[in-house]
Amino acid sequence: MSNTMNFLKRIFLVDILKGLAVTFRYTFKSVYTEQYPKEKPKLAERYKGAPRLNNDPETGETLCIACDLCAQICPEDLIVVGSQRDPESRKKVLTHYTFDTSRCLFCGLCQEVCPTNAIELTQDFELATYSRSSMLWDRERLEKGWDRIEFGKNYHK
Amino acid sequence: MSKEDKTQPPSESGGEKSQESDSPESQPSSQAGESQEKKAKSSAKPAEAAKSAKTAKPSSSAAAKEKTDKPPAKPARPAKKKAPTYEDLVDDPLLESLQKKFSEGILSGQSFLDQATYTISLEVLHDVLLHLRDDADSDYDYLIDLTALDYLGDEKRFCVVYHLYSHQKKTLIRLRCAVAEGESVPSATSVWRTADWMEREVFDLFGIDFSGHPDLKRILLPDDWHGYPLRKDYDIKLQDQVWIKEHLQIRKTPE
Amino acid sequence: MLASYIPILIFIVIALSLPIVGLAVGWLVRPSKPNATKLMPYECGVDPESDSRDRFSVRFYIIAILFVVFDVETIFLFPWAIIYNQLPIFLFIEMVVFLGILIVGYFYVWKKGALEWV
Amino acid sequence: MNTLEESTVLDTKVLEMNMGPQHPSTHGVLRVKLKLDGEKVVDAECIIGYLHRGIEKISENRSYIECVPYYDRTDYIAAVANVYGFLLGVEKMMGIEVPERGRYIRIMMVEFNRIASHLLWLATHAIDIGAMTVFLYCFREREEILKLFEALFGARLTTHAFRVGGLWKDLPPGFEQAAHKFLDEFPARVDEYEQLLTHNRIWLARTKGIGVISGKEAIQWGLTGPPLRGSGVDYDLRKARPYGGYEEFEFDVPLGENGDTYDRYVARIEEMRQSRLIIQQVLKRLPGGPVRGKAPKIVKPPAGEYYSGTESPRGELGYYIVSDGSAQPFRVKIRPPTFIGLQALRRLVKGHLMADVIAIIGTLDIVLGEVDR
Amino acid sequence: MIENLIIYFLIPFIKIGAIVLILSGAIAYLTLLERKLIAHIQVRLGPMRVGWHGLLQPIADGLKFVLKEDIVPSKADALIFTLAPMISLIPAFVVFSVVPFGPPGMFEGLLRGILSRFLESASVERIVSNPIASGGFVTDINIAVLFVLSVSSVGILGVILGGWASNSKYPLLGALRSSAQMVSYEVAMGFAIISVLLYAGSLSLVEIVQQQQAGGWWYFFIQPVAFFLLLVCGMAETNRLPFDLPEAETELVGGFHTEYSGFRFSLFFLAEYANMITVSALAVTLFWGGWLPPFPNVPWLGFLGIIPPVAWFLIKVFLILYLFIWVRGTLPRFRFDQLMNYGWKVFLPIALGHVILYAAILAI
């Protein structure tokens, strides 16, 4: 019985028709595609994207205390923290900060060790540029965010 | 990172560091404890690393440093505060049978974190492997892994490590065998087919010769590469510059 | 009626002109910057080590010969099929004999393994 | 082969052909030097190393904490599962206890990763054999898992998932609902793949009896994971040497019988279903509490050595960690399942046709990042 | 004299021009249809950027083909390398000279209207009464079926030559596969067609359709198996999945056209899609009653005659093309030896048996 059934199933291409049925059903179902540059993907809150050096929202002063922890933990050693000791307050003051996104692993270790939440990986993920040198982010760009106008086309904004 | 920093012993940074060298001088930043560890460690390399590694060898368990900064994970649980150490195997049937058969060849049998380690001399290595595979009592039919360690500065510099598993007994053991530079290790390809690429990898990265291997040549690195990267005296930055210049056409290579 | 083939001839001429015109236009407008790597035959990014015009086995010949045999049979069947309605019984018997020989040969070839590609 | 050819009048040569590194079906930059007699494979030599980045050497120059993101990049398809093995080893050596919630979430994410990895495997395997549609269906499901990864880890592929002692952060709000939603829909989706493939005569013809290897031989060649279990050897590290708390969950280890491409395919499909069961158990029992245990800021395992083996989606993934008591590992040897399994390709493809080479490469589920490290 | 010129040159020229233009457009949009349809099967969108929902995509593609650099590999045989795609394309087009899109006398009224302004009525009538002038086809020859089979076989030569001329291994293997595949499925296809001819008693495609009208049944309802065979063999002949082994991207990278680029590649591409349309048109003509509405002789279905015959033809061709694309979106690919086995050991016996069976039925 089951043999004849199997034989009939083979003759009438039941296996193939079943597959065709699956694909036919999908022809009219909704599509899954996100049209990327038009529709921006909703990224998770924790997304580890472009770095940002946070300022204190009230005072506008940088939150960075130049403790160098991020530079120490970074597996690729791509963070350079420059600091100076303020002669008056004997406190360390951030002078410059560079972040080389070309080598970044986006592992997030820097933001984890940061005691003041100064360095943070944001949800900005559009990091492509036309030159290697522009992948080296200085303090200004880290604080203000990335201005893509410098590439002539404000496409992603 | 400032220029002064760059003159310091090899840190992990790659060559792209040079991009940053034009950045303004920075004050030596405050060193977190961890980073001090790291820098100190890398400066001491490779000699100190080798020394401390030597102490890690199974023969001397006393040298294992007592850790003080390690808090118990959970106070409620019976805390394993003491750091694990090498312990001599007692009443181990495998060790006994091996010692019976190869008496002098079996140098020691120890365990670390319940993983048994047998140290074997090079002379009997091949026979031991064959015995372990074929003997009905052991039946280690599966070579999990074959690798090597480089204890630079030791008399017998290299240590070839085998991890074996018995599907029947469901046990895992580790074999260690010290090898001096220039000595060749009998190939295990005839014992386990899977040793083929593992030995080629060890040859490629450590430069240990395996006698009797059917096709011993570089596997991960290009055939005309110079040096053996996983040796402790092979600096991560001082790789084969000639090859890189020639094949990758990178003009500016790390110093 | 041979005249009905004239349009086919016209069709061939028109169809021929299409790619030629296209190639000519393309030749005028497209860039051409060949270099050695570009002109290398494709072999997955590796320099080919051996020539591709070596003699190597494709087990093609037997199939080709079988094809000729069977295709000739089919050609014979076309006129047969056209006039089949006119004397079915006779033609049926004749065809059964004809195809019978073919089928015997077919099974012989099958059993001989000539149809195996590998 | 030469003797056979010389005896014939029409003597033909063996065609030497490179498949890869730039080939659509070698899953990256694997290069296989094929020797073909017609389309039949006489010999196949794998040439690897195009993606070698020296991760083991890099490890020796990084602290234990800094090593972890690099192991994401060995087997980037199963980054979560990859990191897991290393951390288990380090924690074991240091005697760090991971709180229960952390442990459970880890298992859940590793199993999610297993599903994602198998989905990617199925997608590529199917498209190699020509079933293009399954490819995109699988990617749709995988996308859902990657979204979960993104929500929890903040990254999709190279997640840097776990930390010594547990996780970076607890589950984000809404995570469990999203996970439940995915798990509820998933079986129907797998059934669809099976409708398109498992019973399809073309698929059966392409996979049954291809690349057959017996259990004994599979062990000899060092195959692990689904390729080994497809040959009927019951060796799953989650059962054989349980780690991380797998012994608390119930699941089956699907085994094949014939050790052919089809059996390996079925084993993986079934594994996806089993992983789903594990995740459901985890979600059901998920306790409260912290996700990260107390771990020292500086990870310095005591001098010693430990082999930490885990069952990655591809097979036995081992980390042989040798510590000299300092903050940087003396040596970390990664035992990559597909580097070792790939050796068997030569044995598996001999005598098959060129098209089967692709099916067999697909069935071994190689990831070149892991093969070359 | 002038009448003959008009019948055999002017009118065919216009018709051919129209067919070539429409066909090129149809091919271009067939590619878009395929991309869109496959995309929707796979829960994607397909081309969306060029024009509304990618409607201008084929034009952009065409421009790209013309503007792209055209590379002739250094070791290739340049002459054959250029000729091969043409050899592939021309037959694919020429086949349409015998395919009937509409019934004979379709353009009668139109022609009479136009010509009567220039010619006297006797010659107008002479022209109009000639089927080549007024029929819904370019020409009607009495061996049309054989013509289609033989001309489409020439197209395969282009594939073989292209693969060989590239002097590279992947194209060569693709070419060899292609030739063997063509050879294997040609036979079964021939037998499937013979089954139809038993009933039709003519090799003219126009007449075959007329026979279906006279019989009141499309041959599909009488010989579904033969239709299935023709369809499968047609897929194999046009290198469509699951029989697309000569190209098999995942094995042979691109098969015979691996080395082709730019415009020459586009010729192969056009040829493949033209062949698809050819096979569909052939299947429609032989089995689905060409321009006929369903059950042409059933009175109460007469309202179907509202739709013009050409539209019926196109709808049916579209449906078969849809089937082609749908199958491509569903099935995996055969292996080469399996393909040959199916051709020689499954389809050939079935086709043979089919011919004998139907001959027996007719004889009784």
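Order as written gives the chain letters A, B, C, D and E; numbering starts at 1 within each chain.
Heads up, the rule we're going with is that contacts are C-beta pairs under 8 Å (C-beta built on N, C-alpha and C of every residue); 3 or more make two chains touch, one makes a residue touch a chain.
In this text, all values refer to a predicted model and were calculated from it rather than measured experimentally.
The chains that touch both subunit B and subunit C are D.
Here D is the chain whose Cα centre lies closest to the centre of all protein Cα atoms. Two chain pairs are in question, A-D and C-E; the one with more C-beta pairs in contact is C-E. Distance from the centre of subunit C peaks at B, each centre being the average of the chain's Cα atoms.
Chain centre most remote from that of subunit E: B (centre = mean of CA atoms).
Rounded to whole angstrom units, the spacing between the C-alpha centres of subunit B and subunit E is 66.
Averaged C-alpha coordinates give centres for subunit C and subunit E that are 16 Å from one another.
Averaged Cα coordinates give subunit C a centre that lies 45 Å from the centre of subunit D. Of all residues in subunit B, those that touch two or more other chains are 11-12, 34, 38.
Multi-chain contact residues of subunit A (touching two or more other chains): 16, 19, 22-23, 26, 32, 73, 75.
In subunit D, the residues that touch at least two other chains are 15, 17, 23, 39, 62, 66, 133, 140, 196, 200, 202, 353. Across the interface of their complex, subunit D is touched by residues 10, 15-16, 18-19, 21-23, 26, 32, 43-48, 73-75, 105-109, 112, 121 of subunit A. Against subunit A, the residues of subunit D that register as touching in their complex are 62, 65-70, 72-73, 133, 140, 143, 147, 150-155, 158, 160, 163, 168-169, 172, 192, 195-196, 199-202. Contact residues of subunit D toward subunit E in the complex are 15, 17, 23-25, 39, 126-133, 135-137, 140, 196-197, 200, 202-203, 205-206, 353-356, 358. Chain contact summary for the complex, subunit D toward subunit B: residues 48-49, 52, 54, 56-58, 60-63, 66, 92-99, 165, 216, 219-222, 233, 235, 240-241, 293-298, 300, 302-307, 309, 316, 318, 320, 322-328, 330-331, 333, 335, 339-340, 342-343, 347, 372-373. Within the complex formed with subunit D, the subunit C residues making contact are 43-46, 48-50, 52, 54-59, 118.
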